[in-house]
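A short write-up of the structure that comes next.
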């Protein structure tokens, strides 16, 4: 992360000659200083992806005007695009259950400003982690989920996320499956950490499945939530070595270390606008 | 690998008090020097596994007599057991197709004596690698496999393996599926390298599957061949990081590096009697 | 970790025939159930190492009597040995400065009982983390260290550690160099996490050193503290990939993830009596 | 690697506004199709680096004319730059001693066209690997090196490299230290694989040094050779886990797997013009 304030342009469009020239020409013309720029051509689909950081004070106008002036180019190239401002903190709502490893990890990063975000609230289906969250000065909402109240519970979560003006929802080992409506409403904005190396061991109890199959590595996957369980676009994955002497309980313990690291990395890529969704896959400009 | 000649005992039996005491007591009583010893208790199944290396010249008798004298203990504890002699080179038959990376890798290890084995022959469904194999002084058998001649071809492979007095068959990127009869005839003695991190991407074209799913790591799996495709006990696995910029061809290229390394590690564990099969899983005493 | 209460024997002695037989024979004779056992022969130095877990309720007597009865064997084989009881929680004193990542990580593990220890107190040369520590119900001692008061400060730390009846001291990114007296007084009982892959980049600002040298991986090292800076026996290490685009600040950020993971692993090995010091090296029975 | 013929521009220059705009504008103006483009700004040194692949047949002229037309821009921005043609195979001279693992690995990659290079000859201070090299149809030169003939030997190597019109020299576990003259004559064109994770364990017998220090990971480093031993710019590194049970011989064996992989990766980056040297460091556009 650069210390100076910057604007980040992310865009994708059909590939053709002159995209970089046009975009970088536009930026240079206004004196824009590019701090970082990344490009990717998907040869299979003929689509072009880019991410550019422009130093804010190198431009003679603000983000709104930058967007206005860029619009004709975006239209000309049929771009899906967005621009963000590094000075505008993202608002990230965390959903947790009883396990604390991801929550402690994220709050440590938030506390030390490694994650430069607002956490307007934490939502949980259990009340266990209230004290820890509230000690950090963050509001905590207990929204129990039972077989009978699911619709109401998810409506309440949607309401809290809306009320909190959330940008991003993070399922930090939240042990419930969100409703299809909720998933559909926020594509590319809900991150989950799944405790297996997807596509292996979809669904419940992946460490039990891994134990049964006798794999020699276990993993974790950070992905965007889509309507189909554990099938959304993968952002980040990692694995850790195990062996025959490890029980399911050992795997659960090792797995936590991977889960929190992979979630933190995936979340950072997302927050820094490094992730561009492309169908059910992602381009991640690290 | 120890330089001195040694005998390796591998055994498994129902767990109970006194197994190690009885076995190590027997060895000590004859002056046997244990170079290396490993034990594992499977708490779920109540089964005990062990592997012990005994320096050959510390014993006053040879392997045959050692086996005879050990038999009563094995019977008393209801052991599945075997003993091998580090001086008796294993006879490993390699099966290849057209890709050379695993073959070059294994022959380099054999040439340098890192793999202290006999390779009585290499069998292939293509003739491409004949020259390379024969330059190393190893007989090469071309056994074409077509949709029509499968039964005959597999019978010929079985015959060649038998004739070569093979201990172990290694499918070093052999692009054919062995017959169920062949698999059944040599349980725990045919090793395959599958070019995915199993259980993800079973069967054909795993790199294409990985590309479609957008995973961030690809892997390889060395396993014993069983009748069911890619379902046998896993011996070793590893992964390598990829990203959105990698095409299927890039994955194939990266994958080769993992495939040959994982196969070489798995094969070494097997040859040093470090792998004990337990149902569809393995205990690997590294 | 096994759920049943167990005693752990760790021992090393000159290598000879019959060590395992004698020790396991002794255990079996009293009906002792071995949950886990590991052995290592150092061929260079002719020294033998072992670690055995015995189920407590399989023995007809308690730990004290077990120790008494074992003593003659230990004497016979000239063993360095100790026995511990899984029911006796270790008392771990944490030393921190201002950085919170290792502290959050360790307290998350302690909170979830993954680390089954007592933390009688946290000591720091800064007051910043007091609130977080005290929220967890753990006493916090602020012991400022200046160029002038070093001797008094270290005496105070020694006093607090003694008063807390500490078994183990953990420097969880404590940015001061302990006094030689303190190091000498607790060999094999003070763990440090150094933010480089030792022996590269000893001393101050290792990430700056790594940046200057242009390495492609950075690491962290958990080691026992000895009198010579960053030269003590290494318990655990790991690395993470970086590239030319990473600034020193990026390395610091990535490094934290490695530091906390490596410290947690090293500490767990230590607490479970899996680490046997051998000269300036360690045997780690994972 | 793209299948279509392309030209690769690599350049570095003082950082300022408009570099990408100017370069990509020039390319677009002639209809140039950018297959891949990577940029890096070194904020500490204020220097900008880039690498661009342009599809050859998208341009209306050949490489020579492209270079001519680009020259004014290069001058304007004070660039260090070069352009290469993917159709022009690089000529890589290998230097080996007795160990074959890197040689087998590189020749397997060359044989399968993974490495699309010419190998005009292999030079060795021993005659052992002649047969293997010549079987591949590659000339082999035996240039013995003794304490007395060093100057003459290195002159002969220089002559052979010149005669072979070599672009790149690869020390594939060549166990001699090249003369300062030879190193000076070919900066950024001689690659070495050192069998440690530099800067740890410079010089001779790094595995012995690693064993003595008791590290828990060993590594390998691919770097450009400079006059100072093992101090040149690092291109690629990797590590592998070891433990207390591994002897120096085991490390040597594990190390080989890392050495050949790291050398192959580093060499590929170099051959694809992905490595830009910057002082004693490298920018590697993977």
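We call the chains A, B, C and D, going by the order they appear; numbering starts again at 1 in every chain.
Note that in this section a contact is a pair of C-beta atoms (placed from the backbone, for glycine too) under 8 Å apart; a residue touches a chain by one contact, two chains touch by 3 or more.
If you want to know which protein each chain is, UniProt gives these names: A, B, C, D = Formyltetrahydrofolate deformylase.
Predicted model, so just to flag it, every value in this text is computed and none were measured.
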| item | value |
| --- | --- |
| Mutual neighbours - chains that touch chain C and chain D alike | A, B |
| A-B compared against B-C, more contacting pairs | A-B |
| Copies chain A and chain D touch via same or different residues, half shared test | same |
| Most distant chain from chain C, judged by the mean position of its C-alpha atoms | D |
| CA centroid of chain B to CA centroid of chain C, Å | 37 |
| Averaged-CA centre spacing for the pair chain B and chain A, given as whole angstrom | 41 |
| Residues within chain B bordering two or more other chains | 36, 43, 245 |
| Of chain D, residues touching chain B in the complex | 1, 36, 99-101, 104-105, 107-109, 111-112, 114, 131-132, 135, 245, 249, 253, 256-257, 261, 264 |
| Of all residues in chain A, those that touch chain D in their complex | 2, 17-18, 20-22, 24-25, 27-29, 31-39, 41, 43, 58, 241 |
| Parts of chain C lying in touch with chain D, wherever the complex brings them together | 40, 42-44, 197-201, 213-217, 219, 233-239, 243-245, 247, 278, 280-284, 286 |
